[in-house]
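Next up: the structures, one after another.
Next come two complexes, and both contain chain A; in the first it sits with chain B, in the second with chain C.
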Partner chain A sequence: MASSGHTVKAFDEDLTDLRGLVSEMGGLAEQAISASLQALVNRDLDGAARIVESDKRVDEIEAEIELQVVRLIALRAPMADDLRDVLAALKIANIIERIADYAKNIAKRVPIVSETQAIEPLSILPAMGRLAAEMVRDALDAFAARDAEAAVAVCGRDRAVDDFYNSLFRTLLTYMMENPHNISPSTHLLFIAKNLERIGDHATNVAEMVYFAATGRQMAERPRGEDAFGQLDDLDEKGGTR
Partner chain B sequence: MLEPRPLKVDAPKMTARSVNVYYGAKQAIRNVSIDVSMEDVTAFIGPSGCGKSTFLRTLNRMNDTVASARVEGDITLDGEDIYAPDMDVVQLRARVGMVFQKPNPFPKSIYENVAYGARIHGLASARADMDQIVERSLRRAGLWDEVKDRLHDSGTALSGGQQQRLCIARAIAVDPEVILMDEPCSALDPIATARIEELIHELRGRYAIVIVTHNMQQAARVSQRTAFFHLGTLVEYGSTSEMFTNPRETRTKDYITGRYG
Partner chain C sequence: MASSGHTVKAFDEDLTDLRGLVSEMGGLAEQAISASLQALVNRDLDGAARIVESDKRVDEIEAEIELQVVRLIALRAPMADDLRDVLAALKIANIIERIADYAKNIAKRVPIVSETQAIEPLSILPAMGRLAAEMVRDALDAFAARDAEAAVAVCGRDRAVDDFYNSLFRTLLTYMMENPHNISPSTHLLFIAKNLERIGDHATNVAEMVYFAATGRQMAERPRGEDAFGQLDDLDEKGGTR
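Moving on to the complex of A and B:
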């Protein structure tokens, strides 16, 4: 359906540049997620510091995207799918910045967690992180390909991340109850798990923007996962979505 | 070829059904059906030669003046067939006024430009009535304050934007129901254009307004409904906000995003 290029070729170049920036930013965020968990597992303080440092580049790209979008709207007056694309790029850049912040937050906890005694649930986090990072990557691939179906598929996977979080939450509770010395490391791991859970939610938001950009319609309300307290979302379940 | 959709609006002022227009052997309009609403400004957009101006001209029978032109189909104004043999074309054009691309005031005074139509249609008997019509029309066209002290200067001495508003005042003076505008701003600078667009906004609701424009931003700014013409067919007709954010047809999208041909 993507028809031929614009009569004004420079317009195409602007749009391509903008997409390139979004891809670059997304790649950095995705990398930061996996690297932060690597650093956590390996107690790699230098690695963690590098992640905190690299977040500055993500913020720079976000600012660059904002400028580009303002310029593009002012100079090219994009319409229809072009307009939706440009707005999606702006919103996605904003979401990726948040995602990268969560990864940075995980990296910042590495020195503290490294000082505490290792507890077993730590080993589950990299798998959860991989899932969340995959969602981010696939959402951005869907943006690059303007693929609404791929975007829907990303949203479908948020539940798996939520399930990870809920199971970790329960496990960490039992660790804290068993031994008060576990409370400090468990709390940090819980925050990290929560960060990953939020990354999954944000990847879903990216996917929803991709869907809107590609189709001009809002994605239908998705069924949500049960939260750790098993009550709020029960109201939304309306039976039979599991 | 797409099925022509029944493009209905509530309480249409004008309707066109299955309209074909030929210039000699060449078909310029193919099976166009559309409703024009009283409440909304309707914009016709499309590339050069798509038939939008030709179609606009069928709405007040301006094509009658082209010897080779032939119009088929039904066009009604308040349900009345405007191509009926007993239709008074002069009367029709008073009810369906027109403003053209280039301002074309008569080489007469500002006052006479506005009074002319009202006079030949016998709308004013006394001088005072005519003064009132001239003032009201110039006010509605947003020109009164600029010309009230020089009503007897020549209309052609005004600036381009003022001349165009004078032409709109002239169209308004005969108390039309519909105003057709064929690229009314294409000869004007951005400030004069903005004033005409503001005027269109003010006139909305009082008259059914149909505007042909090459400037898509203008269509987006002034209209509530947009019709996209291509190669003599009506490709898409819908709410302007929908057309410019999420057009249904690929051809519409390619045109408004600047990918056409």
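Moving on to the complex of A and C:
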């Protein structure tokens, strides 16, 4: 479909509002990722509880975005490209909600992990979290700027998050084998690492949508493997055999 | 917003087509859950590869649903309740894609798990998978029939899936502690159990949307806890302390 050439100012203002809400939501999600890992390392139970609480705001914004999308479509009847823009905002909001959910899940594990002895891989997680949070921020910046090149750059960095995950997976397995007391904390750190790996995948999904919205084409190829759950990282999880 | 009283036959036909696609997609996802666990238990690598391959069809249908939604909104300009129905189909398709992704992830672990010695919890997973697959099927039946009561029943059963997960979590931890050789297979079974637990959560999300679409009200309260990542199950994961 060619561009509808839709130029109604009211529509553009609505779309700007909508994109503003998506950015706000993304900012909260990004913050939740960093804060959850800080709470984990500092055994900060109050901080963790605040993250769980603040996720409600993310859900509220998502609900607000849905309402605005319905209102916008009903009132402005956007066509073709405009409609695609509106639906992209809706889908990206949906993904951000998932990202925030992963951050919340990390926060929820803080009290459990804090009860156990600290094991070394714990100190590696914040660096992985930083990478994942940066991918989320950059994907949303690309969305705000409709910048296809920036979107491609985000996808390229998912591999680094996957490498982190695979390395942590092997390390944690070793810890578990060394000492049975490490097994319980290690499984929680493993789930946390998996959450961060999934956040990277979702940031990649957002970037792919930004690319498609900006260029009308699918991104040529995912640099990291064929799909969001990564044949690659699953194979790497075997450990030792490659 | 009150009902728009929209009665254009063409719209109803389009909506029926759309719902047909959602049902087809849901059927594939449900099948993938059962098949993935069967492949796991039977160490059936070919079967697992077929599941990974068939996930592409799920993605294709989701893309088709998106196109139809855009086309339907552009051509028919549905208002109020009709628009909400259309967007509900889009959101449910999005959730089914996630469910199918979890099933695919289980299938991808089959070659890895098949290389290791079988441990007993493996034989418990198919029963948990059956529960989760049934929840998916019943949520989609409720969607097809716009049956709010059936949707409530689906949510009530998520607790059983969570109980399964928590029990498996504890069991697998015990296996890991007993013998270091069990650690690697146990972590994969743990991820598989977590995937099934998440499938139950997503089936619950679908049921909640069906309830909302049918009644215009949010379901009073999730029977299993406050949210999709479950404070409850996270606490239960502590094991032994309650």
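Observations, loosely collected:
Operating definition for what follows: the second predicted complex is superposed on the first by the 215 of 242 C-alpha atoms of A that agree within 3 Å, B and C clash if a C-alpha of one lies under 4 Å from a C-alpha of the other, contacts with A are read in each partner's own complex, and residues count from 1 in each chain.
Operating definition for what follows: a residue touches a chain if its C-beta (ideal position, glycine included) is under 8 Å from a C-beta of that chain, and two chains touch if they have at least 3 such contacts.
In this text, all values refer to a predicted model and were calculated from it rather than measured experimentally.
Contacts of A:11 after superposition on the shared chain: chain B is touched, whereas chain C is not.
Looking at the shared chain after the overlay, A:216 reaches chain B, while chain C stays out of its contact range.
Which of chain B and chain C touches more residues of chain A: that partner is C. Once chain A of one complex is fitted onto chain A of the other, the partner contacts of A:81 are limited to chain B, with no touch recorded for chain C.
By the touch criterion defined above, A:194 lies against chain C but remains apart from chain B after alignment on the C-alpha atoms of chain A. Where the contact sets of chain A with chain B and with chain C meet, they give residues 77, 79-80, 83-84.
Interface residues of chain C, counted against chain A in their complex, comprise 52, 55, 66, 69-70, 73-74, 77, 79-80, 83-84, 87, 90-91, 94, 101, 104-105, 108-109, 112, 115, 173, 176-177, 180, 183-184, 187-188, 190-191, 194, 227-229, 231, 234-235, 237-239. Every residue of chain A that touches chain B in the complex is listed here, in rising order: 1, 3-8, 11, 77-84, 216-217.
Across the complex, chain B meets chain A through its residues 216-217, 220, 244-247, 250, 253-254, 256-261.
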